[in-house]
Amino acid sequence: MKKFFRLVGVIISSLALVLVLSACGSKSLADQNVVTRAKRTNTITWGVKADTKLFGLMDVKNSHINGFEVDMAKAITKQILGPKGKAEFVQVTSSTRMPLLKNGNIDAIMATMTITPERLKQVDFSRSYFDAGQSLLVKKGSPVKNVRDLNHKGATVLGVVGSNSVQNVAKFAPKARVLQLSDYAQAMTALKSGQGEALTTDNGILAGMSVENPGYVLTGGAFTKEPYGIAINKNQPEFKRDLNQALTKVEQSGQYNRLLNKWFGNVPGMNIKEMER
Amino acid sequence: MIAIFHNYGSLLLQGFGQTLLCSIIALVFSLIIGSMFAIFETTPIKFLRVIARIYIEVFRNIPLLVITMFFFVVIPMFVAKINGFTAGTIGLTIYTSAFIAETVRSGINSVDPGQMEGARANGLSWWQSMRYIVLPQAFRYVIPPLGNQFINLVKNSSVLAFVAGFDLMYQGNVIASDSLNTMSTYICIGILYLIITLPLSYWMRYLEKKLA
Amino acid sequence: MKDFINAYSWINIHYLLQGLWITVAVSVVSILGSYVLGSILGIIRYVNIKIVSPIVGLFIDIIRNLPLLLIIFFTYFGLPNLGFRPSSVWATILAMTVFESTMIAEIVRSGIAAVDPGQMEGARANGLSYGQAMYHIVLPQAMKKMIPALVSQFISLIKDTSLATIIVLPDLMHNAQIVYGQNSTYILPMFLMIAIMYFIVCYALSLLSRSLDRRMS
């Protein structure tokens, strides 16, 4: 008799599990109109990085996140919602940002995210707001001069889970082994402790790291084009239009160039004049 | 879900193997180290007892992640380069050995002290009586708790994901961000963990009942 | 030495303390939650209610045999599919509560099972109902036996909150990573500091349990 009930329990539990699984597979709740909700609550929730100098970095003094992307997000929020509009920030990493957007925890991602064809299958992007290119960060005096130098067995390249730079390494240096860490702070720490010969990601991010860590330099120039876009959920044409319009206004008013100069003006190896809009 | 198994089968298999491998290595070493400290704790020599006590208390009260990250980040800066898998396995070994020491010590204590006295009276040295009389009996008591420690070890090995140790959880994170099918991926990963841990846990419960 | 002095500036220590506060707050809420839920699950499992107990048993066995990290992913990434969007703090608390309550359920079940069955029979023979006998006679004795196991489970819980850095819970581990991520000379000092902080919290709890144990026996 007891065995029978155990069997029944197993069957019911597996049914329940299947139910939960199918619920997980069903459509997410991120389908409501973001613009309508943002206007009602007077806030847009942005997913930003907190470990990336110049783009989004945690200030240990007051627990605020600062950087180019944070300032841009604030400017765009004010363009869409008016001067009283609030921008809320949720800290994301390369691996958490997509699920958080799809789940509706955040309205938009502004976290050094390149517009790629694969990602366009999953999400929509605004126009590019920053043109980066993938590069390498190595210890000063390293024999690695460009990405081809890493294309041999035994070479280890460090990257971050969920970034497309690790996939690019497979294209440019297929023989190298790639270690994917959970965020840039971890990856930089791993580079310093010699876990890999080079850290690869976009030049803007690497520039920030080399400012912090004088013993490390960018090498080999950019070997890909990485236009950063604001990622939003699909089926939000209104939000996408508003974002693009707001971006245009920020650019035309000269605010874009001011922010660019504020964050990247003193970074060696960055050609600001070329990037101004 | 089936698509995940289908498309990423080799990655999942590799992760499964690494998880199993590091768990087994860590189990063997933590058994040796743990038993050593357990014996230290029961020796008549005060110095060894103090050493064992400090080791156990320190590593039982610090998170595994901190220990593992320490070996991944700090040791390479000052001592020698070690990769994520090794750092993770060392971290797991040290952490688990503190728990195993406690388990084995309680096993030794549960052996009737008369056994030790009897063995000593028959002319065996302290170490001989420990080795041939007390320890074999102690280990019989502690097999179920040791099995549970191994289950914990398998679960805790997910800490390798933080140090790029190529274990199951690491591959899970990689697959989740590649396929963008987060939940299905993690459910697959969960099933693979259960394949190791669930039968073990039922077996240990059976052994517990049998010994009781 | 200079690294240590710079690393332990008030700004950094203050930031670590903020992380410690999150660690402690998340732990305390999860400990309370998992204690209540775990006791209920453990009793259900012990008294063997038809149909309910086997299902609860299977649920417990599945959850407790998964890595906590996976449960954290489930609550953070999975729950929104069911219409509930927790922040990283609540996702951690939820994951911790569910996971630890299954561990505690096992402790409670075996704790009750370890009480001499004669106690229950005696109480029933003296006219107490099953519930009364359980509540007044069996549970208090089981409690005494469970304290060491419970406390070491709670200590594990505190330590395991560090895993939630992966979903950016701003806890002690995460804040230390932010600090040493910005300046690599702080790496060693930060590791020592957080090891000490975790140790103090966990060791204090285990001392408390030992004194409690002594007072009860």
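The letters A, B and C name the chains in turn, as written, and every chain counts its residues from 1.
Heads up, the rule we're going with is that a contact is a pair of C-beta atoms (placed from the backbone, for glycine too) under 8 Å apart; a residue touches a chain by one contact, two chains touch by 3 or more.
None of the values given here were measured: they were computed from a predicted structure.
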Exercise for the section: Could you tell me which chain lies farthest from subunit C when each chain's centre is the average position of its Cα atoms? Expected result: A
Exercise for the section: Consider the two chain pairs A-C and A-B; indicate the one with the greater count of contacting C-beta pairs. Expected result: A-C
Exercise for the section: Would you mind pulling out the distance in Å between where the CA atoms of subunit B average out and where those of subunit C do? Expected result: 19
Handout entry: Rounded Å distance, subunit A centre to subunit B centre (Cα mean)
Key = 36
Problem - Chain centre separation (subunit A, subunit C; CA means) in Å - result: 33
Practice task
Name the residues of subunit B that each touch 2 or more other chains.
Solution key: 73-74, 77, 161-162, 182-183
Handout entry: Multi-chain contact sites of subunit C, meaning residues that touch two or more partners
Key = 77-78, 81, 166, 187
Completion exercise
Shared-interface residues of subunit A (touching two or more other chains) are 24, 99, 182, 186, 189, 192
Practice task
Give every residue of subunit A touching subunit C within the complex, in rising order.
Solution key: 5-6, 8-10, 12-13, 20, 23-24, 26, 28-29, 50-51, 53, 57-58, 60-61, 63, 91-93, 96, 99, 103-105, 182, 184-186, 188-189, 192, 212-213
Handout entry: Touching residues on subunit C, where the partner in the complex is subunit A
Key = 11-12, 15, 18, 50-51, 53-55, 57-59, 76-78, 80-83, 85, 87, 166-168, 170, 175, 177-184, 187
Practice task
Sort out for me which residues of subunit B touch subunit A in the complex.
Solution key: 1, 72-77, 81, 83-84, 161-164, 170, 173-174, 176-177, 180, 182-184, 187
Practice task
Show which residues of subunit B lie in contact with subunit C when the two form their complex.
Solution key: 57-58, 60-66, 69-70, 73-74, 77-78, 151, 155-159, 161-162, 169, 172, 182-183, 186, 189-190, 193-194, 197-198, 201-202
Practice task
Enumerate the contact residues on subunit C facing subunit B in the complex.
Solution key: 61-62, 64-70, 73-74, 77-78, 81, 152, 155, 159-160, 162-163, 165-166, 173, 187-188, 191, 194-195, 198-199, 202-203, 206
